[in-house]
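Comments concern the structure below.
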Amino acid sequence: MTTVLASLNQALRRSLTASLDVMVLGEDVLDPYGGAFKVTQGLSSTYPERVLATPVSEAGIVGLGVGMALRGLRPVVEIMFGDFLMLAGDALVNHAAKFRWVSNDRVRVPLVVRTPMGGRRGYGPTHSQSLEKHLMGAAGLRTVAASALLDPGPMLEAAILSDDDPTLFVEHKLLYAQQIGAGLDGGEYQVQSAGERYPSLTVRLAGAPAPRLTFASYGYMAGLALEAIHRLAYEYELFAEMVAFTQLVPLCLEPLAQSVRQTRALLTLEEGSGVLGWGSEAISALVEELGPVFDARRVSARPVPIPASLPLEQAVLPQVEDLVRAALAMSNSDRSGSMRRSNG
Amino acid sequence: MPAELTPAELYRQMLRIRRFEETVLEAFPRGWFYGTTHTGIGQEANAVGVLGLRKPGEVVVSNHRCHGHFLAYGGSMTALAAELMGRATGVCGGRGGSQHLIDKDFYASGVLGGTLPLAVGMALAERRRQHLVIAFLGDGTLGEGAVYESLNLAALWRLPVYFIVENNRYAQTTPIHLHLAGEIPARFEAFGIPVEERDTTDVLEIRDLAESGLDRLRRGSGPQALVLHTYRFSPHSRGDDLRDPREIERFRQRDPLRTHGARLRPEDRRPIEAEVEQEVHQAFEAARAAPVADAASITPALGQGT
Amino acid sequence: MTTVLASLNQALRRSLTASLDVMVLGEDVLDPYGGAFKVTQGLSSTYPERVLATPVSEAGIVGLGVGMALRGLRPVVEIMFGDFLMLAGDALVNHAAKFRWVSNDRVRVPLVVRTPMGGRRGYGPTHSQSLEKHLMGAAGLRTVAASALLDPGPMLEAAILSDDDPTLFVEHKLLYAQQIGAGLDGGEYQVQSAGERYPSLTVRLAGAPAPRLTFASYGYMAGLALEAIHRLAYEYELFAEMVAFTQLVPLCLEPLAQSVRQTRALLTLEEGSGVLGWGSEAISALVEELGPVFDARRVSARPVPIPASLPLEQAVLPQVEDLVRAALAMSNSDRSGSMRRSNG
Amino acid sequence: MPAELTPAELYRQMLRIRRFEETVLEAFPRGWFYGTTHTGIGQEANAVGVLGLRKPGEVVVSNHRCHGHFLAYGGSMTALAAELMGRATGVCGGRGGSQHLIDKDFYASGVLGGTLPLAVGMALAERRRQHLVIAFLGDGTLGEGAVYESLNLAALWRLPVYFIVENNRYAQTTPIHLHLAGEIPARFEAFGIPVEERDTTDVLEIRDLAESGLDRLRRGSGPQALVLHTYRFSPHSRGDDLRDPREIERFRQRDPLRTHGARLRPEDRRPIEAEVEQEVHQAFEAARAAPVADAASITPALGQGT
């Protein structure tokens, strides 16, 4: 068994080995430190010319990556905390995502921007966010999120070596230490995969009755959903299945549509605040696809900054209990207000 | 652009830009174009003096005021005219328009400052091929933080970028004393980037400066900067020009075409003028005859990988 | 009758007059130019100390505004084109939107960031966008959009003088020349307003049969919706009503819920591309509120950059015909694909 | 902070910071805290030497490494301890944590560089009240473009901001030669901002420098900068310290507390040390006894206007 961290690290190493065009850049990525979350550990020792520590210049280094990609390299830029991604917002939205199309498809931008997102470590309001929703909607940018359910290493490798468009590659901090596939290997779950490069998984309890509820999720929340599925089944006899995405945008709806056609009830889960979030995209796209044949709610962070203090952070970020509660409320068609939404 | 940078050739190149842009401004009210445009009439010597020395494969990074750079780089005048007219045959098939020109070794975009990190990244890539990057920016663009992140990166890694500042003394309508503190060369020196500065519109002077700058770069000097104090006679874009007409008149005294044109004998100049007139006319006629961009040609923003 | 431009300009003037704490900052805002779209015309002549032309530093001037607001001023920062707003993304998301809450509500950030958005003028990929969706989801930020249906002047004035939280104030370029209330004053429409500071309007044809379809929109698209309502009624006998919002986030759902409870069909309209857009928020929030009792689609830009050429731009941005077509498709429950959505 | 900046008082203030932060690092493994923290052990003379001279109403803008600034500014040690422990009585009620301290005239945030435009905006507001703003930044933060946008704005409008660069020779783990090109003072001179530079950890030297700097500012000089070359003995945050231990040892020779402490007679120093020990102990005890932040206290992010 291997951890998400090790798999991502090895994917970077394989990519550097596979192609001289691959370069890895970011703040503090050099050995012996190997990056704030150690994802680049060991790389600079083997490839000192192609692994570069940068100044603290998020806009600059993402723009740098765009320029490198336009001239034939396949750069991987690490943003130390996803919270700083807005600094590179213009580089991503107005440069990375546009050059190919605006050039009339004459150029390519094979850039990967990797970044850890997420909270639950007490890092406070500017080091705990899940800000991917602010960039995901940009046409010309692909957003992929690592998950522990499905080895993210090959996905990262594909994004680097094979994908000619810019990719935002999101890694929830708490995934790094998780074992890949840990929850899924005991035979307790029945798993079905769809899609090739960045697949989605449909997961349900093996041998259970037909699910009455669909969770749609990604990243760390997908792990929480697994727990919720377990608890809902054993404590409440409510059977749910989950569709866990790795490619967040463009969203390949089919597996979700397939599940929701059966369950007619959808809960989207994301750790960031829900307003204009990924869940809203999933729900809307599905309504457009299926029509008004399913109920839906979003579970997400409360719409406030993420506080540093443990009890406050726990109250703001969605927990397994919130998923369970939302699922129960939904199955009771209780419209008294969805989870984690307030007036802020 | 021909290797032989004779005085006559320099004149021709500047005149091509001048006549192209004058035609754009004249023809706008006739409805040939859609949107807006930024011309650099008066600044031609910068583009020609520097880019005349470009070698194949060397990269140009430009900005909103890019027609002159594009033509001096060797871009097709017809494709440029077509791009401004939204034709399928335009540089970017009509997708980019006046300020977004992307060609083999040419990149312009309309977000000020954002192109500088790109230029530095390109230099990182081009270093492998012993190529360099020439990046243009205006005085106003020195307001953008991305510029300084770029200078630091370029200097730290000794990357082959030639930063050419065209100080036309205005950011849109804001005069430089209201938008820039201190002196421009010091902005480069602060990062250890050697900088030369000249208040000139003489294409020969600029060519000589660029020649030595490019030479240093090609011999591995790391980044270099050239600050050219210049002036634009045309308005910022299509709109009103609110500058004092006397100021404009004063700077017209050193119109680069006049300064340099005076060096040529009239009998050498006239055929050039006739040829350029012809070239510009044909470029616009060809562009006008080209098919407009077709909505059916719209491709998705994301492809399918390699 | 007055134009949106004149009303916004007068609101700025009234604000400067009302309080010495108000300052207006932006690129090229000084007379005689008065800003790229002339919204600040005349202000610097009257208040030279409080109307400042800035360098070309979008991140800097929005951050400046945050600092000013934290120390008692009521700054209004103009971003010349909304396309450049991503440069100020960090200043908005991590600073403007956070300080109040993170300080445990001890400080206030009464900042207004105004910016023109939108295309249809051939300005090309970096001067035509509607990027508000990338910032709207930030907790702690209010997003308001001017419309020509309802005088935006008093809203801007309230945002400046009375609202103690940061406001992103979006102005579609094509609204500036429009007469306020022009479409609504002939008695053809029946209009109902809800909310106080940033109201929404519910608009339908007077004396028409009960509407069978609801448009939800804002800004310039609200004007197109009015045209579509007219055409649908007279050409197709399909009766629609519109809820036009000025406060985009937080979204006050009630007027929309009221309409959709009747029509059971919702079309959201926005000029930006739809992925993770405002329409997705509206649809999802409404599903959460009402349950699966209505059909919904989004009309938005195709998910590509906005091209410069006229025919291409027209094909990418949603036009009245697209609204009409989407409305007809929806009323026929045709699920063959919603408007303007493709796989990009 | 008392007006009377005697040597004894300077020692006390530095020691308060030192002992506070040492206690934080010691207590972390005991589970008193959640999250992480950045201490500035070794850099105390900067905070104390500069902020000891702050007048009421003058504003401090700080960064991720803010405990020392906060205590030297006059912030409550108990409230700071409580904030680090996520207590309801913390500076920000536990919402901010170690790097987000917001107090009456004090603002720290964890996004590097983003605070500098805020500082300049505050100076624009404070100019009306004849107040000034003191803004701290590290060497690594000079990588951020927002810094240069801020310098330009501050210089253009001659705003009362005192930029204090604490160059501890590292950005996290990256040594300065890998992240910064050129020389730090030139980064300010490029904008016409007068700058003084000193390689020192002597609080008296720093106080004297700051005294003249603040004096100039209070007399309307416009922005000023002070570059202090310093060193941090503690790790960047809580994690491993990968610097060469000999390097750390070398810099410990000029521990500001040692340097300045040697000036005091032991009999004067000892009561201060005892008092500070007592103060720190009580601060943490009070904080530990305070109620943890309560989820019920969570307010919406948007209020209802005035």
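We call the chains A, B, C and D, going by the order they appear; numbering starts again at 1 in every chain.
By our rule, a residue touches a chain if its C-beta (ideal position, glycine included) is under 8 Å from a C-beta of that chain, and two chains touch if they have at least 3 such contacts.
Quick caveat, the model's predicted, so the values are computed rather than measured.
Taking the mean Cα position of each chain as its centre, D sits at the greatest distance from chain C. Chain geometry summary: the mean Cα position of chain A and that of chain C are 29 Å apart.
Rounded to whole angstrom, the centroid-to-centroid distance between chain A and chain D, based on C-alpha atoms, equals 36 Å. Computed from the mean C-alpha positions, the centre of chain B lies at a distance of 45 Å from the centre of chain D. The distance from the centre of chain C to the centre of chain D, each centre being the mean of the chain's C-alpha atoms, comes to 41 Å. In chain D, 95-96, 100, 109, 111, 142-146, 149, 152, 156, 178-180, 299, 301-302 are the positions where the chain touches two or more neighbouring chains simultaneously. Touching of two or more other chains is recorded for residues 54-55, 57, 59-60, 83-84, 87, 90, 94, 97-98, 101-102, 125-126, 139-140, 250, 302-305, 307, 343-344 of chain A. Chain-to-chain contact here is organised exhaustively, every possible pair of chains being in touch. Put simply, chain B touches chain A in their complex at residues 59, 92-93, 95-96, 100, 102-103, 107, 109, 111, 114-126, 145-146, 149-150, 152-153, 156-157, 299, 301-303, 305-306.
By the touch criterion stated above, chain D contacts chain B in their complex at residues 142-149, 151-152, 155-156, 178-183, 186-187, 189-193. Taken together, the chain A residues at the contact with chain D in this complex read 27-28, 30, 32-33, 36, 53-60, 83-84, 87, 121-127, 302-305, 307-312, 314-316, 342-344. Chain B contributes residues 33-36, 83, 86-87, 90, 94-100, 109-113, 140-145, 171-174, 178-180, 242, 292-295, 297-302 to its touches with chain C in the complex. Within the complex, the chain A residues that touch chain C are 83-84, 86-87, 89-90, 92-94, 97-98, 101-102, 125-126, 131, 133-140, 249-250, 264, 273, 275-281, 283-285, 287-298, 302-305, 307, 333, 335, 338, 341, 343-344.
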